[in-house]
Amino acid sequence: MAWIVPLVPLVGAAAVVMSRRRPHVAATVAVTAAATAAGAGWWAAATAATGTWRWGEGLRLELAVTGLAQVMVVLVPAVAVPVLAYAASAMRDDPGLVRLLALLQVFVAGMLQLVAAADLLTVLIAWEIVGACSWGLISHQWRDPTRPTAALHAFLTTRAADLGLLAAAAVALATTGSMRYDTLGELRGWPVHAVSVGILLAALAKSAQVPFSPWLFSAMAGPTSVSALLHSATMVAAGAYLLARTVPELGAAGWLPGAVVGFGLLSAVAGGLVATAQTDLKRALAASTTAQYGLMFVAVGSGSVAAAGAHLVTHAIFKSLLFLGAGIALHAAGSGYLGALRLGRALPFAAATFWVGALALAALPPLGAAWSKEEILSATVHRGAWVGAGVLLASLLSALYAGRLAVLAYGPGEPVAGERPTWPERAAVGALAATSVLLGVLWIPALGERVEALTGGDLAAGAAWELPVSLALIGAAAVAVRTLARRGHLLDLALGQRLTAFVAGWFGLSTLARVAVVDPVLALSRVLARFDDRVADAGVRAAARITEALSRSLSSWGERTFDGTVLGAARTLKAVAAGSWRFDDGPVDGFVRGTAAGTVLLASGSRRFDEGGVDGTVEGLARVTGVAGRRARQLQTGLSHHYYVIVAAGLVVAVAVIAFGR
Amino acid sequence: MSGVTLVDVAFWVFGAGSVLAAWLVFRVDSMVRAAYWLFASFVGVGFVMVLLNARFLGLVLVLMMAGEMTIMAVFMVMFMMNPAGLNPMTMVHQHRTAVVAGLVSFVALAGVGLVSDFPDRPVDRGQDPTEALGVELLGESMLIFEIAGVTLLATMIGAIALASKRGRYGDAQAGSVAPELPDSAPSGTLEPAAETSMDHSGHGMGHG
Amino acid sequence: MTLQALLVIAAALFGVGVYGALSQQTFVMIMMGLELMLNGAMLAAVAFWAQTSGGNPKGQLLTVVVMVVMAVEAAMGFALIIGIYRIRKADMTEKLKRLRG
Amino acid sequence: MLSAAIFVPVLAAVLLLVWPRLDERGARRVALLGTAVPLALMIVAWLRFDGDGGFELVESMSWIPSIGVSYRVGVDGLSLPLAAMSALLFLVAVAYPADLRGRPRQYFAAFLFLEGTSLGLFLALDLFLFYVFFDLGLVGMYFLIAVWGHGDSRRSALKFFIYTWAGSLAILLGIIGLALSADPVTFDMAELIRQQPLGADGLRAVLVFLAFGVGLAVKIPTVPFHTWLPPAHVDAPAPASAILAGVLLKMGTYGVVRIMLSMMPATFERFALPIGILAVVSIVYGALVALAQTDLKRMIAYSSINHMGYVILGVSAAAAAGAGDIDSRTLALSGATLEMVAHGLITGALFLITGSVFARGDTYEIDHFGGLASRAPLMTSAILVGSFASLGLPGLAGFVAEFQIFVGTFAVEPVLAAFGLLGIVITAAFFLRMVQRAFFGALPERWARWPDLGRSEGVGLAALLALVIVIGVAPSWVLDVIDAGTSVIVGP
Amino acid sequence: MNGGHDMDGMSMPVGDVTPEILLVVGAVVVLVAALFLRRERQWWCPLLAMVALASSAVAAFAMLGGGQSSTFFGTYAADDAAVWAKLIILAITAVVLLMSIEWFAADARGGELYALLLLSAAGAIVLASATDLMGVLLGMLLSSATGYVLTAYHRADARSGEAGIKYYLLGALTNGAMAYGVVLLFGLGGTTTLEGLADSLIGADRVGLIAASSLVIVGLAFKLGAVPVHAWVPDVADGAPGPIAALVTTAPKVGAFLALTRVVLILPEDALGWRLLVAVLSAGTMTLGNLAALWQDDVRRLLGWSAVSQSGYGLMAVVALGRSELALPSLLFFLLAYAAANLAAFGVVVELRGRRDRGAYAGLATARPLLALALVVSFLSFVGIPPLAGFTAKLSLFAATIDAGYAWLAVVAVINSVVSLVYYLRVIAPAYFEPLVAPIPVLGQWAYGATLFSAVAVIALGLLAGPFIDAFLRADLLPG
């Protein structure tokens, strides 16, 4: 029955398509469907619904709304509601609105299946559907050729890594006969490592962790609403979610948690740096996404699924809020360049909501996001001091860039005569901001158990020094932002343009991928294609050359030998029958000479034919055969006495064969 | 056989003679002479047959060849309108190859004769070979004989159909072509261009 | 008059015939070579009849058959040569090379 | 009933040829009827299919009894889906508009004839009959390409005919070698499968296996026997391309399973690894070469080589009896079989679309197009679904098949499977690149009047793609039928 | 009908040669009738000849499965193989006769023509049935002599005469060689009947056997048009009157194949590599024929070369003789299939009034669809595309060859088949893919009918191969 959960938005998508002639209706339908889905999700979570779908002999797709899924099935459609509302309003003049709404619904459906999945095959299917939807959403404005290219980049990066999941599923099924999460623990030996590597690879790419991070920048080519959904609850969340579900099962791969922590920490710090250095609002937010998911990875790797899950939720809310705010800013200012915004006075409501989101991003208590980040810190401190230090560094960075973004985007500045947000847009950001604030209830200690139950993990006991240190770091960040802003270096950070550009461009990872992977593959494919056009021909051409050379040498050999034999025999005869008759000392007999001349002629002719020849196997083979064919016809000289010689020669051969061929 | 008998001498004379005559067929410089040397060669073989007690066969051979050679000579002189059927001529091609082929076949077949171990079952001298042949012809091998007859019949019909100057309804040549195609010569296009000159430029045996 | 001697002579006739058939240009002369080959065959047939077959009359008949071969071939040859000479004025192999390839 | 499915189209073809006064509409009607009947019959056969192993709905008639040849047709889980897919594809292809060059009767007759032979091949239960249909298919396709093709179509047709026929003669030698090994001599497939007359070893077994291997490799085609395929596809009319890729290529893979795997499994097991390597080479090579193509049809043609590589990979995994358990091997073989069906539907649809593109634009050069999505949303949707299906997106038929293949292969040869995965990424790259270059971006002025898909185009494509989606979402109804066949083949 | 060795009674089993007698009598009747009929009544000649052929066929058919196989004191066979060969030869001759009616309509020598056709059939039949070397020799002679004449029958046509004389020159040479071979066999075995020789050649001198057998095999290769005596075939196909080209490349082959099988069966295998020799001839023949046909633009020469290559395939059956029970059936079926396809192919040429240029077949499919179809059917049968007769023939040939351990020969044949496809398609392609440039005149209804009959036979034989193969499997072959 759990299938109802992903089915609702799917039906919604169909309904949206059906009402394509009336965009208003379509928008309403879309929002209603998402809300219904959220309701269905609530129901599914409450009843711990499961579902199976028979696929074939021995294969079935299974859903089970347990563990972290209970939260996610509600969260995903819930975030989608304001996003859809915003999209319907912001894109109201776009002829592709209906497509966008429908695709977003499918996107949500895919994500719902992903979170509700109980086995690797089901998750893989959803995983890929989500990826494909992201391609469609990013290339939404397909008339601009750069956008589909960006979409392709994003899609190919994630898909390449997705194969890890495919391999993991295949290996799991091949070795244990099952792909369920709860049987992953049975894996031993190389399969467990293979499965772990596969899942980790897929998760890293999906969650835009180092080294796959740059695809998120490409994803910016899509409409803002897409980004809002993609970064918060769908797509990017999938990686962290999958790890949260599977890492605890894969205990046999002892290296896995460490690797997860390592990649997460790296991404958290690197993403923080990129976000700090970025001068584009959306890109900076995208980099912060990488950083935040990095923190969740760290939590999962440190064994605290609950912290990761909680942060997933809080992050989903404030990140969609931030993106919608960024979209409003974009609409108003016409560009996302951070140097040209400062919309605080122009759009006070939007600014207020954005500030809420930014503070959540900075993890300022008593917002819920701060709680979940503190829990992550607690978990990592248990894991090791250096991890804790890393997380603290990442928090510092997040506070820094959150403040920087808030000030640059919605700080006080000159009012701009841009487009104002419509009421659905305001409602959307308002609702999200409110939720963000409401999540502050998480600080109530009694709710800890509830969080543990809903995420299927345990919370680590925090140390007393953690919160003050965090607060101190936030304070430090605030001071830094303020100082920089005073000096007018908040945008360029006074670090030199090349350095900031390098950092902001993901440390050249993108270029590296192109130089190291894309270009070589393309070059190889071109070489192979050229090779393929000639390959068979080349072989055949060589064969033709050899045949030809052989036949030429044979014919010259034959000229000498055949004639030599004849000549020798003739000389002997001449001696024996001296004087009785005169012998013809003239040139060699016509037949022999004719054949020899003919073959030489043919050989040169065929070489010319060969060199100016055409491509392809059959043609090439035909060429070899064709030369032979012409030569064969030379035997048929039209002269009967030559035929006599052939008969005589044939008889000699016949005698030889019959005598020695027993 | 011990000692050299008269039969042996005769055999060698006729045998070697027939080979020599055969050789001369291709060494003399007129076709008519060649025809007569050919006849001589057959006569030699005919006599050897007689020596081998196959009198009837020898006789038939000689008579038949006499007739044939006459036809051949007449043919050459009359039909080819070549009064110089007696003219000198040595017209050979691929001579060396021909010599080799002739020698090889001689050596091979003579080798078979000399090396090979044939059964030794000489004919019973008391038997009348002619009568035996007759019995065979009308007995066991009658069918063979009949086939030979049919073959000769077919040959006659065919030779007449090909060679007779006049047909049943006038010129035998008339109408004896392939059905015409509209565009060109009988039986289509594809005539080798350089070829027509060969037909009418006479070299070799003069005619006309 | 041993079998070997007879066969050598027959082989010689055959060989000369082969030589003639291969070396002569005019059809009539080629025919003479062909007849000589058959001549050798006939001699060999009679020799075998007399020496190795115990007088099997089939040997004689074989000689007759070879004679028939000779006669038929001669007749056919003449007829064909006349025909080709009539329309092509051709009397030797070199003049007939329209059909080739 | 199965015989009717084979001979109704053939009779319709004859009817078309001997009915000179029939105009194009009439001819099309006859052709549609002639292709609809087999489809209906295949549906009936599907419904009547039990799937209890072995051949069903068998019809047989003595033909040349003294050498064990008879006319036998029947279905099992392997052949039924292929035959049904072929029947559907033929109906769509016949209905699809094409440039008939003023010879409508002959065109439809060639198609109907080809349908008869194709169905005959899949339904045949006698090697002799199999070969008969195998060759006749070539003849029909030769004429279709040569007469109704474009570009250098006669040369391409000749190359196709000669190359593949050389392969089929190798198969003939193999068939003879196999049939002669049976005691008594027989061409009966069921009997040969039962007897398995050739053991694993021995020169004869290896030679016969090689003969089949080379012959079928040409037909499939696998690298390096593939060079006939791109020109044949490019110059063929679109419906013929669809049939060529959708049905004729399957004859090769079907032969591999039906003959090589079923009749000489012991020998196949010895060669499973090299064949698997060849398959992976085909996968990666085909994908890479497709990536470099600028010609729409050539690109799809190379993608066929890539997909046939998956099929072979699955079969070779299924053959490795020593290395994997029965479940994984059955999974691989079922996947390979489903891949044949899926590829037929998907690539058939894609080739049909290229036909529509060519009919409107008179070229296949991808870079000559652009922005077509604004003029032709239906066509864009169709090619998107086709492309995504071809690149193995879950929810579409190709994924189901490829997933099963990889699962099976990971159980047997993980390294090969891992290399094979590379092909999937590249496939995604070239398909989506093609879509965005031809259909996205700015619309050039010259295509301002580009018409969208017409009704006859749309209906056919919709049927194919709908089936692709249905199989992708709910594959069990097909997989159950397939499993009925493959479990017998792989089974002990 | 009993062939007892009863010399005194001199009662000859004439009944066993009824088909042959009917043919000869028919020939004489046709000749005499032609003498007395006025010109406008000459159509009686083909009719009479047809009657002779039909009655002869009926007589032959009655002999099928007669059980008793040797007749005329071991010099002649009445085995099933011979009877089948007779039926095939008679059918070929009948079809050729139908083609001849219009082709030779302008020729006044109809009587001779039809008489010679009948005698030619008789010659091929003798060749197929003789179990005595003299009979084989005479069969060769009768079949050749009539063949020469028929080939050169167009007296006003330069090509016809040239073809005739080339045919003759090669035939005379090989007949001479074969005669010597027969004589040597007689010397070694003391008799000429195959039955007798089969016994007496065991242990005979090897050197003599080598010379004799290679001479005889090469001699028979002449009639087969096999290497090295193949040179006449394209010339005759090119120059001879159309129907005669069809006849000469078909009927005598049937006889010669039977003769060859009978002869090789008496050769002691432990002393002679005859099997390898035949295999080599087979490979050489098919290869040379196919290669030389490859670039032919003259359809008639192409058919000639294809006839050469087909002989090569037929020889595969001879290779398998005695090693595979499929050898004889495959040979007989091959001959049947080959004859039908060859007649259909030549029939198209005849019906198109001898049209020879490949390019001139452009648009044939539009102008004469059935003729084009007949051409395709016959060519594809040559190539071996199922379900045409040629395919079943090739399949059984391959099977026999592989069964006999000569798989390499089958591979050679396969490669050759691929090559052959090219030149057949070179003719089919213009006929189907090029537009009609000029009207295509045809000969007449009889030739048309004969052609279509042959084409239908090609298809029917392929589909209904079963009964024939069964019957051929049951057929016996002397000397067994």
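We just call them A, B, C, D and E in the order they show up, numbering each chain from 1.
Simple rule for what comes next: a contact is a pair of C-beta atoms (placed from the backbone, for glycine too) under 8 Å apart; a residue touches a chain by one contact, two chains touch by 3 or more.
Quick caveat, the model's predicted, so the values are computed rather than measured.
Common partners of subunit A and subunit B, by the touch rule above, are C, E. The minimum number of touch steps linking subunit B to subunit E comes to 1. Closest to the middle of the protein, by Cα centroid, lies chain D. When you average the Cα atoms of each chain and compare centres, the chain farthest from subunit B turns out to be A.
The chain pair sharing the most C-beta contacts is B-C. Once the centre of each chain is set as its mean CA position, subunit A and subunit E turn out to be 70 Å apart. Once the centre of each chain is set as its mean CA position, subunit D and subunit E turn out to be 43 Å apart. Distance between subunit C and subunit D, defined via averaged C-alpha coordinates, is recorded as 64 Å. The mean-CA centres of subunit B and subunit C are about 5 angstrom from one another, to the nearest whole unit. The residues of subunit A that reach two or more other chains are 622, 633, 636, 640-641, 644-645, 648, 655, listed in rising order.
Among all residues of subunit C, those that touch two or more other chains are 14, 17-18, 21-23, 25, 30, 40, 47-49, 52-54, 58, 61, 65, 68, 72, 76, 79-80, 83, 86, 88, 90, 93-94, 96-101. Within subunit D, the positions touching two or more other chains are listed as 158, 162. Listed by label, the pairs of touching chains are A-B, A-C, A-D, A-E, B-C, B-E, C-E, D-E. For subunit D in complex with subunit A, the residues that touch the partner chain are 155, 158-159, 162-163, 224, 227-228, 231, 285, 288-293, 324, 327-328, 330-331, 334, 370-371, 373-374, 388, 393-395, 399-400, 403-404, 406-411, 414, 417-418, 421, 424-426, 428-429, 432-433, 435-436, 439-442, 474-476, 479-480, 483, 487. Subunit A contributes residues 633, 636-641, 644-645, 648 to its touches with subunit C in the complex. Interface of subunit B with subunit E (complex): residues 108-109, 111-112, 115-119, 121, 135, 138-144, 147-148, 150-151, 153-155, 157-162, 167-170, 172-183, 186-190, 199.
Taken in their complex, subunit E has these residues touching subunit C: 133-134, 137-138, 141, 145, 148-149, 152, 155-159, 161-166, 168-169, 172-173, 175-177, 179-180, 182-184, 186-188, 190-193, 234-235, 238-239, 292, 296, 301.
Residues of subunit A touching subunit B in their complex: 565-567, 569-570, 573, 581, 584, 588-592, 641-642, 644-645, 648, 652, 655.
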